[in-house]
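Every chain is named by a letter (A, B, C, D and E) in the order it is written, and numbering of its residues begins at 1.
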Amino acid sequence: AQAGTPALKADTKTPAPKAAVKADAKDPIRLGAIWDYAGPCYMLSESAVQGIKIAVDEINAKGGIIGRKIDLIVRDTEMKVDVGARETKDLILREKVHFLIGPCSSGVALAVQVVQAESKVLRITCMANTEAQVVDKFTPYVAQVVPNTYMEAIAATRFMNKKYPAAKKFCTIAPDYEFGRREEAAFAEEIKRLVPDSEILYQAWPKPGEKDFTSFITAIMAQKPDAVHSSLFGGDLVAFTKQAAPYGFFEKIPFIALYDLPVFVALGNDAPDGVMAFGRGCFFMDPNPKMMEFVDKYRKARGAYPDSWAVQAYDSVYLLKAAVEKAKSSDTEKVIVAMEGITLDSLRGKFTIRPLDHMGSVPCYQGVIAKDPNYPFKIWKDVVRVPGDQVWRSEEGVREVWKKTGVTR
Amino acid sequence: MEANTTDKKSSWLKSGWWLILLVAAGLAAPYVISEFYLLILGEALIMSLFALSFNLLFGHMGQLPFGQAAFYGLGGYGIAMLLTKYQMNFWLSFVAGIGLAALAGLIIGIFCVRLRGIYFSILTLAFGQLIFVIIYKWHDFTGGDDGIQGVFPPEFLKTSVSYYYFVLLVFCIAAFILWRITHSPFGYILKAMRENSERTEFLGVPIARYQLIAFVISAAFAGLAGALWAPFYRSVAPSTLIWIKSGEPVMATILGGAGLFFGPVLGTFIITFFHAYILGFTHFWPIIMGTLILIVIFFLPGGVLGFIKEKLDNRKKRGQQS
Amino acid sequence: MMIELKDIHTYYGTSHILFGISMHVEEGESVCLLGRNGAGKTTTLKSIIGLTPPKKGNIRFQGKEIAGRPPYRIARMGVGFVPDDRRIFPDLTVRQNILLAKKDREGSIWNLDRVYSLFPKLKDLDSNMGGHLSGGEQQMLTIARTLMTNPSLLLLDEPGEGLAPLVVKAMGEQLMEIKKLGVTMLICEHNVGLAMSLSDRAYIMDKGAIRYQGTISDLKANEEIRKKYLMV
Amino acid sequence: MSFDVLFNQFLSGIARGSMLFLVASGLSLTFGVLRVLNFAHGSLYMLGAFLTYSIWKWLLIPVYGFYVATLLSALVIAGIGLLIEYSILRRLYARGWPEQLLATYALILIITDTVKWFWGGEFLSIPRPEPFTKAVFLFGFPFPSYNFFIIILGLVLVFFLWWLVYKTRLGDIIRAAAHDRDMVSALGIPIPWLFTSIFVLGAFIAGLSGAVTAPYGSIALGMDIEIIVECFAVVVIGGMGSLPGTLLGSFIVGQVYSFGIMYKPELALAFIFMVMAIVLIIRPWGIFGRPER
Amino acid sequence: MILETKKLVKEFGKLLATNNVSFSVNKGDIHAIIGPNGAGKSTFFNLITGYHIPDSGKVFFKGKEITKLPSYRRCRLGITRSFQITSIYPKLTVYESILMALLSRHRVTLNLFSSADKYFREEVWSILEDVGLADQAHVNGDSISHGDKKRLELAVTLGTKPELLLLDEPTCGMSPEETESIMAMIKNLVDKKGLTILFTEHDMGVVFGIARRISVLHQGSMIADGTPEEVRASEEVQKVYLGGAA
């Protein structure tokens, strides 16, 4: 590392063996983590960076990638697009990073994408999952290891349809920004396919960070829908759940939303049993041995259970590792070529990076909320794992969008 | 009492040599500092322009607008949308962005200039938020939370250095125009309205109309800053016009010194560079900024530049006495 | 001794206004402070009440040092201040303005009825908003309000300003009565006739310093001083 | 739309309005007296919510722990208010309001970061306290009883503040001091003490409102910014510094939002600002506000 | 006749502050309005200058109706006022304050790009000499004495080159010496510059010293109007207002 560069260095809790350090001290691989330490993204970013750190430490302890150590530099975008763009430039110009991982907010991600693509630096996106990154605004300098909005919504819609095949009248409620908009658009598309005579009665768009959902709840209930699809998550979902419960909402109306670990931790016993949930892959969705091993490591490091964000961030580092090793170089163009079509044995099972749009065939998960005596919070039962290639937009579908947005490849 | 009133003309602020020095430094910058800091310098110039537009109303007219970010954002959105959605010429879009901000300034100004003091601030805040909400919620047209990406300047401005020179040029011209305005009869009337608007009305000045003109000018310059910004980082997003952004020129101006023309510029430079530097260490930047603001409010009441000027003036006075 | 000022120096920011003012007022006495515009009369009164605390010097009220204390403490000790710029509370009614200042202490003599009988006009305006009063009405209200604090020392800054001749006359009589009740007074007034009729002694100020002091009869006799500082 | 649906939407609006009133009344009170528009009011509210959570967690009193935690955290926030007034605002009264505004703006930055530091970015939640866990039925429609708790609390606060400001001598002093604190002081009334206590009361209200939102929704970073702008809307519509105005403003904003959500959910937020703009165009000083001149 | 009012009425709630007042001011006159406190003098001034709009009745200036014109338009026509409580520019210098008035009068205020310092130097200095403030030209408005503030206020007013000057208690709070000099100034202005002056005052010395015509208001109504002698002789005026003071 350059001495004196002001940067938030990965605090290496498990120092690499001395010998290894010496052997690989030449020319480390510089990895920039660009995250949004603000508002609703704060916690997600913290988890993700923790996941990245664990992976980096592991890799460095084993001698790094192609004999080179990884240097991690973390930057904060404050969840503002302008700061995001500037910090990206900073990472590229001043810190001279080879690769980027992040960020959380879709809006910031798109701003980062322009800058980073122009400077030809590869970014793995593992949380901001707007489809625009790989489809509408495709650039070869991005790869996605989180199910995108399209995949996620399609899988969740199919799950809901399987559980409630008779439901025809729907309402939706989603945070009013890129992510929510795209999820609900995909839901509308898929439900029309599955139930041609279905109807969406009403769509609510609370702003992200909304704390008072009563008016939304009564407005939805007034429509008497057969089911409600929602892409609320995090604190918003906590607030919604608590405010909806006294209305008997969950007894009356089948509901699906992004119920994952942090929401369960916050809600405790207030989490409604039997309600449908979708998620991106934490330990109770996919308790394979590799995942459980990671859980142990993570708990040792942070004293808490890892959530999906940490899992995906961890996988991102390993994807980079695999690609660099295959390319035998840290040269961006070579790594991109190597990455296309690569298959990674990740915490969430195997997935492949589709050469066309760099979308990973990462799985989507659905389940039903239930108590489990082994955990101090509720988790899922009846989990369904849908491999990404069953729900993603077909290659023709992607090309069609590209025709509209002017992407050529 | 005022021994040095007659030689006001020769006071250090007006003596000009330091301005030439600064411009020379600006021209030389690309050869001296790293690309990253050049970037920050460009950003500081743009934000300085934004702060100057704010200070036309605050320091010179005595009204504190808390919705400037709306005009700044509209400037950015104007250029971005015309450029990316309608494939218009860059320069036309650039001018249209400023025009859009000025137009919004006119419409909003009509309602705001009737109020004074904190009421004015709050109403501008409200209108700023209204514009923010519209842009934020009008997903199909403005891209909502995504914002708009791909706002590229013409080929010859694409490199950091060339765009930096472009920013420097625009900044110098704009700052000069603003400086002239504040020293013109119109600028004096603004000052009179700041001091006592009732009295000024009885001098035969239609204050509402003059405030409106100032409001539109200020909005146009804020729009100019926004239109410079969007191609700088190739994108705009609603967060450029949220009210928190409106707080930035307020901070910069009071930090640097609202009473002096270049106070806002100094304040912006301090904040921008400090910010760029600090973010490298920690993401607890706001707490540092907050403390900095409090320190300046308490210990440097006239802002940093005001403080420096006072020190220099005192030294001069002492020099004259001895 | 009711109040004693010793060599006080007062500033507005950096400008030096009072240059070592020394004066005193005996208990029960009534003293006027005369001088041109800008002589520093108002500043002297404000220095006493604590609105512009002196940077140097001592002020003793009934033997206790009060320089540098906050105004409300000085007022509570029994100093009442009638400012020249009125400072009515515009959002309060006349009655509320008056009652706000109410402070009962030993030997209190002032209450609502009494001030209303002093200024009958105010009684008619009882529930009007302070901000809507005419200039003269505000002046009456200011005096009434201060009297309600039952001060033992009354600082009057141009009490006659803006009052109709009839009212000035009535007020002069009332102030005489107040004086008879044993209230000590320090009066600044441009209406020299009114001032002299109320006072036992006079100080004349100019450019922030005391230029003359003496009894009213001495002053009346001293034409040179009167010409020089008072133009009468 | 049937009556019960509309009525229920109306009730939702009332609940929201009450919540807004709780927060906005403290803001309005401090502005009315100190003439300081406390930008950081929302931050104190957020801090109140976080503190309530921690105290509740720490107390571990089974059923009524929440109420104890609420009271304690409101008191702590009042104490923080005392600190802020005493160490920062007090020195700025003599200065212009822009500096005061900026100082409270600086406080937002500081408080938000401190919360981030102490509690991290996690969103927290407290279950609803007894006896407000269930719903009550109105015209056969369920209505969460906790919302009633908030509405009642709002009413109690309205009454208390109204009594304080218009029916007590202290209220007269408050209104007088709002205009000319030097003169009030010269009449023997201890101004510093008065200002401190009003600010502390405002902070207490902020802490209290933060505490009662804790079981209502979730506690998370950003809740301060989210509420403060809406509170500005409330206060501006009603007229700044006016208690009845704040009440009416909360009601209007609550209803506009609630029915906006029902009919045109995308624009519900924009409606609030439009109503605000319209009110200000017709009455620039708000419905119950008074022009300055 | 330069100013004329017809049946002016202004009510504040139940209070009839101006009750059917019709009167006129002749060009080149020094005209005083007197009356007890709260008689409605300031209100009447406010109606003439446009600070308030009357409930009914009309105001004419040089034969042109101005009842509903905004203040600044009246000012441009030639009506200017001073305030009962001095209203100056605290942080502008004396010189600048007067310059403001000149800029406004010469309508150069929309000039955005030339330097204001160049304008009207001589005229400003001559006004400064006229009112005796030349030695304080570069002192801020808030740090001159009460009396000087009054002068400054007059000076600013003169800068707008009014034809009709309304002065609300111009000598209020003035020492006898200052009062003398202000009176002399007013006389001088009328004689040399042909101004018309309408003023209110409680100092009978001043009123009877310079006024050529006096109107008396009482409870909103005009109860007397005439030369100083006629007014002094009026029993009613003596009773409600003068009480033997003049």
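Note that a contact is a pair of C-beta atoms (placed from the backbone, for glycine too) under 8 Å apart; a residue touches a chain by one contact, two chains touch by 3 or more.
Note that the structure is predicted; figures quoted are calculated from it, not measured.
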Q | Partner chains that chain A and chain B have in common | A | D
Q | Pair exhibiting more inter-chain C-beta contacts, A-D or B-E | A | A-D
Q: Averaging only over C-alpha atoms, locate the centres of chain D and chain E and give their separation in whole Å.
A: 48
Q. Rounded to the nearest whole Å, what is the centre-to-centre distance of chain A and chain C, using the mean of the C-alpha atoms as each centre?
A. 75
Q: Determine the centre-to-centre distance between chain B and chain D, using the mean Cα coordinates as centres, and give it in whole Å.
A: 32
Q) Among the residues of chain A, which are close enough to touch at least two other chains? A) 37, 176, 205
Q.
Quick check: what residues of chain D touch more than one other chain, meaning two or more?
A. 116, 266, 269
Q: Provide the list of chain C residues touching at least two other chains, using ranges where the numbers run on.
A: 15
Q) Considering every pair of chains, which are in touch? A) A-B, A-D, B-D, B-E, C-D, C-E
Q) In their complex, what parts of chain B are in touch with chain E? A) 1-2, 5-6, 8, 177, 180-181, 183-189, 191-192, 195-196, 198-207, 210, 213
Q.
Please output the residues of chain D touching chain A within their complex, sorted ascending.
A. 1, 5, 8-9, 11-13, 15-16, 19, 116, 120-125, 127-128, 133-135, 142-147, 213, 215-223, 226-227, 257-258, 261-262, 265-266, 269
Q.
Give the list of chain B residues in touch with chain D in this complex.
A. 58, 64, 111, 114-119, 121-123, 125-127, 129-130, 133-134, 137, 198, 243-244, 247, 250-251, 254, 258, 284, 286-287, 289-291, 293-294, 297-298, 301
Q: Please name which positions on chain D make contact with chain B in the complex.
A: 35, 37, 88, 91-92, 95, 97-99, 101-103, 105-110, 112-114, 116-117, 225, 229, 232-233, 235-236, 240, 266-267, 269-270, 273-274, 276-277, 280-281, 284-285, 292-293
(Q) Please output the residues of chain D touching chain C within their complex, sorted ascending. (A) 169, 172-173, 175-176, 178-180, 182-192
